[in-house]
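Okay, got some structures for you below.
Both of the next two complexes hold chain A, though its partner changes from chain B to chain C.
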Partner chain A sequence: MSELLLEVEDLGVSLPTSSGQLHAVDSLGFSLREGELLGIVGESGSGKTQTALALMGLTPAGSRVSGSARLDGEELIGRPEAELNDLRGDRIAMVFQDPQAALNPYLRIGVQLTEVLEQHRELDAVTAAQRATEMLQAVGLDDSERCMRSYPHQLSGGMRQRVTIAIALLCRPRLLIADEPTTALDVTVQAQILGLLRVLKGSHYGAGLLITHDLAVVAEICDRVLVMYGGKPMELAAVDRLFHNGHHPYTRALLRSLPRLDRPESGLVPIPGQPGRPTGAGCPFRPRCAERLEQCAAVVPPRLDIAPGHLSYCHRSGPN
Partner chain B sequence: MSARLVDIRDLVVEYPGGSPRAPRVRAVAGVSLGIDEGVTLGIVGESGSGKSTLARALLGLVDIQSGQVEYGGMPMAAAGRADWRRFRREVQVVFQDPAASLDPRMSVARILAEPLLVHRPELGAGQIREITLARLGNVGLDESHLRRLPRQLSGGECQRVAIARALVLEPRLLICDEPVSALDISIQAQILALLRELQQRLGLTVMFIAHDLSVVRYLCKRVAVMYRGSLVETANADALFRDPQHPYTRALLGSVPVADPRQRRNFAATAATFSAAAAGSGCIYADRCPRAQERCRTESPSLERSGDGDVACFFPGAGGDLADGERQR
Partner chain C sequence: MSAAGNSVAVGATPAGSGWRAFFNQSRGVRVCSCLLLAIAVLVVFGPLLSPYAIDQVDWQHIAQGPSWSSGHWFGTDNNGRDLYVRTLRGGQISLLVGICATAISLLIGVSYGAIAGYAGGRIDQVMMRLVDVLYAMPFMFFVILLMVLFGRNLLLMFIAIGAINWLDMARIVRGQTLSLKHREFVDAARALGVPAAGIIRRHIVPNMMNVVVVYASLAVPQMILVESFLSFLGLGVQEPMTSWGQLVSLGAREMESAPWMLLFPASFLAVTLYCLNVLGDALRRYNDALAGSLRGAA
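And then the complex of A and B:
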């Protein structure tokens, strides 16, 4: 068994809203081993992005983060800002959905890479430029010299996303968090970026969290999946188990609601209602769940150990 | 053979370039395409392929450089006021962002009544209410939604209202431009199922523009694939998804992630290159095509019959190439 890299326990994020505190993430726990790519899947409001931001120490002002997240045994939650600044871009790095917004439009690509190395590695300009060029090549920007001299607007969307990945990987982070990295890209470019994330794992980053709404993307490149809904974990399993032996009613309903290129005849069964979070202690999915029981409204669903490494948070304990 | 409702021939649409001296951008570069009555035609392609511009040109919302659009046998270039009025009544659109396409200050009742007030002034208030309620029912909403404003509706509900509005005039042609891509997965499924049901029940002709091939596979009988402003392949959906002829269609299908880890494709980490200067006289796909030969760089292929559909390629069919990301057996 490979080494434990990230351990998240009882993570909570609450955000101030006009109508009081919103528990964006609640009682979330998972772990990540060296060399693993974990997909976090959910619809809007599921808390998947806030989870990532909490790990990075980037939750919005006024928010409260509780629980624990240890990277190589070191606690991340509640770290002072100065220490987080040293960690971010070095041992934890993040890739965002919109590469256009993530890059500074006024600076050449080369500057945006070398400043990371100057900040974290204190390299001289020549060495930094050399390392940056190598990294651009590693992410498939073959004409790296020209790329270093370019401004973001001179690159295509796919190339810009490769640049943000290169920036994230410069210090060979232990943990790479990618939040919807291919959502803004065309499907052929998406395939290239997903291929890249898969190939660079291990050599350029220790382990990864891929946050997405797209189950198909998870099926293509992740090792394990965490399904979230209304800020809470629903199910956690290896991809093959989740897609073929999913336990949680939400997971199974979500899979039935996908139009499938590989199975056009199988039709599609929508989930009624809309994503949201009912008040009360119970399961947030209950208003839309076809299999809900009486206790779902009042009682927090228990954590079921379905199989080794396969957890489901549901009152229905029987086999599905 | 059903009647042809829309006939687009050699359509060219250009936009001004980024600066006064920049060359004009040819968004649609000579597209010929027919839509038969009762058929759901999917238009697929990546960003910048010209699929939305094609729809806008059909709707008369952008100027056409050359070519023509015929609707119901009539060339729209020759259409008079009355013809356009009929066209506006019979052709309805649903856009991607439902919130942006509904007037924020109008109630749902008002949004749904407005097309009727414009196009069917003979109707009384009672009849308008009757039609409005029937259409709301069609899209899975009810009387309780009538007095709400768009901001009091969820994204999925807004899209349902936009669809209901498109239906109140009993259109012959419904144009949907990415109608589900802004929605959550579970809501997307609701809207797709609704569109399929309406299409079957009302016998609508639909032009469905989407970048998501799984969605097109679910809804469409016929599919047209666009690349850089041109049509590269059209075919019946079954044939196109089973046996794509154009190398670009093959690459596109090979790039779609499948929600089954047992069918992993092992996407290659292909390198990116700065896009080459616009291809001269050759095939628009030649610079990316694994099959490109000398001929492809000098001559431009036109749409020719191949298999069940039409394809613009000198070397169509399964070929021997494995386009990037194509399924590994």
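And then the complex of A and C:
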């Protein structure tokens, strides 16, 4: 087995709202090995983005982060800002959803790339520019010299996302977090960007965390999947196993709601109800769950070890 | 979708950006730019054309009207000093005060406002309440107090005027910072480990320069006016140096017997202020149009 790169245990993020603390992420745990790409899937408000921000130390002001997340054995949660600044961009980097918004509109691409190198590598301007140009070529921007001199609005959406990936990978981070990196792009560009993330893994970054609401994206490039709902983990399994032997009722409902080309007659089966958070303990999915039991409202579902590496958080034990 | 948006952006830029677009806004913009440039050149190089010095008394021509033959093109004042030289040298001081005081208020206001806005929370509260307190102080009283305490010194005047005008600048900049700091590229910069100072310097301040420049361009005439007012009250620059405000003040006393003493400095002052205001306003309109076309494309 390869080396353990990221270990998250009992992660919790609570955000202040007008109606009290909201537990955006609650008792989340997973681990990530060298060379692995883990997909985190969930609906809007399932806490997947807050998970990523908690790992980066970028949760909004006033939020509280609990639990532990260790990158190569080093604790990330609760570090002072100055130490985090040394880590961020260097050993842990992030790609954002909307490349148009994630790039500073008033700075040339070249400046935005070399800024990272100045911050973490203390390179002189010439070497930094050279490294940045090489990196742009690595992400498939062949006209990298011209690209370095361009402003963000002069590039297409796909090119911009390649640029943000280049920025994130400049220092060869151990962990790359991609938060919906393809949502703002059209489908053909999406496939290119995903292919790029897969190709660069290992050579340019250690392991990746891909946050998405799109199961197709997960199926395409991830090794394992974590399904989240209402801030809690639902199921964690290898991609093939999740798609073919999903255990959790939520996972199976999600898969049923996808269009299938091979079985068009079965149609789409939506999950009834609206995503939301029931108050009180218990499983957050229970109001919409077709298979709920009495204890679902009262007791937090236990962790079930379905198979090696396959976890599910549900009161219904045994194979379904 | 974003690819289509991008092509719109490229298509929209040529019509709405660059110097040419700025000057093409209206004839007024072009005329005012030329006038202002002419005044600036005249003020800087004009005094060299006259044989008289700023403090030179011509005993033959005391309080004389403009005349070509005597070499006193704008006439002389009560002490027989050449008004042409005095008006232009006074213009040097007035323009210098306008530019320097604006620069000082920019420097203080932008850094103060950006820090308050970016830090947020209690620091922001305390910093902005301090601005409110300073706002409540009668501004002229403060300047006069400074002048009385430290004597009449040109540098001090720059600082006194600039140090008071930064309050507006700080408020504007703080507002801009508040809206900018939640933009995704700021988060992206934080995710790259750029510390707060770097984010303010590299990402926040450049992104609000369009607004700040417009405000600064409108602040320059305001500063000139403040200096003129101070000089009018006798608190401005010291003799033999002069400024437009001081000349207007002296000329106003003689306006019935010697109207040229008021007319020349007052016209220079009025034309300059008018041009600066027109250009500042044009800059604001140009900027709004540009921001609109960029927003529409994004």
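Rule of thumb we're sticking to: the second predicted complex is superposed on the first by the 317 of 320 C-alpha atoms of A that agree within 3 Å, B and C clash if a C-alpha of one lies under 4 Å from a C-alpha of the other, contacts with A are read in each partner's own complex, and residues count from 1 in each chain.
The working rule: a contact is a pair of C-beta atoms (placed from the backbone, for glycine too) under 8 Å apart; a residue touches a chain by one contact, two chains touch by 3 or more.
Everything numeric in this text was worked out from a predicted model, so none of it was measured.
By the touch criterion defined above, A:28 lies against neither chain B nor chain C after alignment on the C-alpha atoms of chain A.
In the superposition on chain A, A:76 makes contact with neither chain B nor chain C. Comparing chain B with chain C, the partner in contact with more residues of chain A is B.
Looking at the shared chain after the overlay, A:58 reaches chain C, while chain B stays out of its contact range. In the superposed pair of complexes, A:84 makes contact with chain C only, with no contact to chain B.
By the touch criterion defined above, A:93 lies against chain C but remains apart from chain B after alignment on the C-alpha atoms of chain A. By the touch criterion defined above, A:117 lies against neither chain B nor chain C after alignment on the C-alpha atoms of chain A. When both complexes are overlaid on chain A, the residue A:186 reaches chain B and chain C alike. Touch criterion met: A:101 reaches chain C, while chain B stays clear of it. After overlaying the two complexes on the shared chain, residue contacts for A:210 are found with neither chain B nor chain C.
Residues 156-158, 186, 189 of chain A are contacted both by chain B in one complex and by chain C in the other.
Taken in their complex, chain A has these residues touching chain B: 43-44, 140-143, 146, 156-159, 162, 186-192, 194-196, 198-200, 213-217, 219-221, 239-240, 243-244, 253-255, 257-262, 264, 268-272, 274-275, 288. Across the interface of their complex, chain A is touched by residues 1-3, 5-6, 9-10, 13, 120-121, 183-185, 187-195, 198, 202-203, 206-207, 209, 294, 297-298 of chain C. Across the complex, chain B meets chain A through its residues 46-47, 154, 156-157, 184-190, 192-193, 211-215, 217-218, 241, 251-275, 324-325. Within the complex formed with chain C, the residues of chain A that make contact are 56, 58, 61, 81-82, 84-90, 93-94, 96-98, 100-107, 115-116, 119-120, 153-158, 160, 164, 167-168, 184-186, 189.
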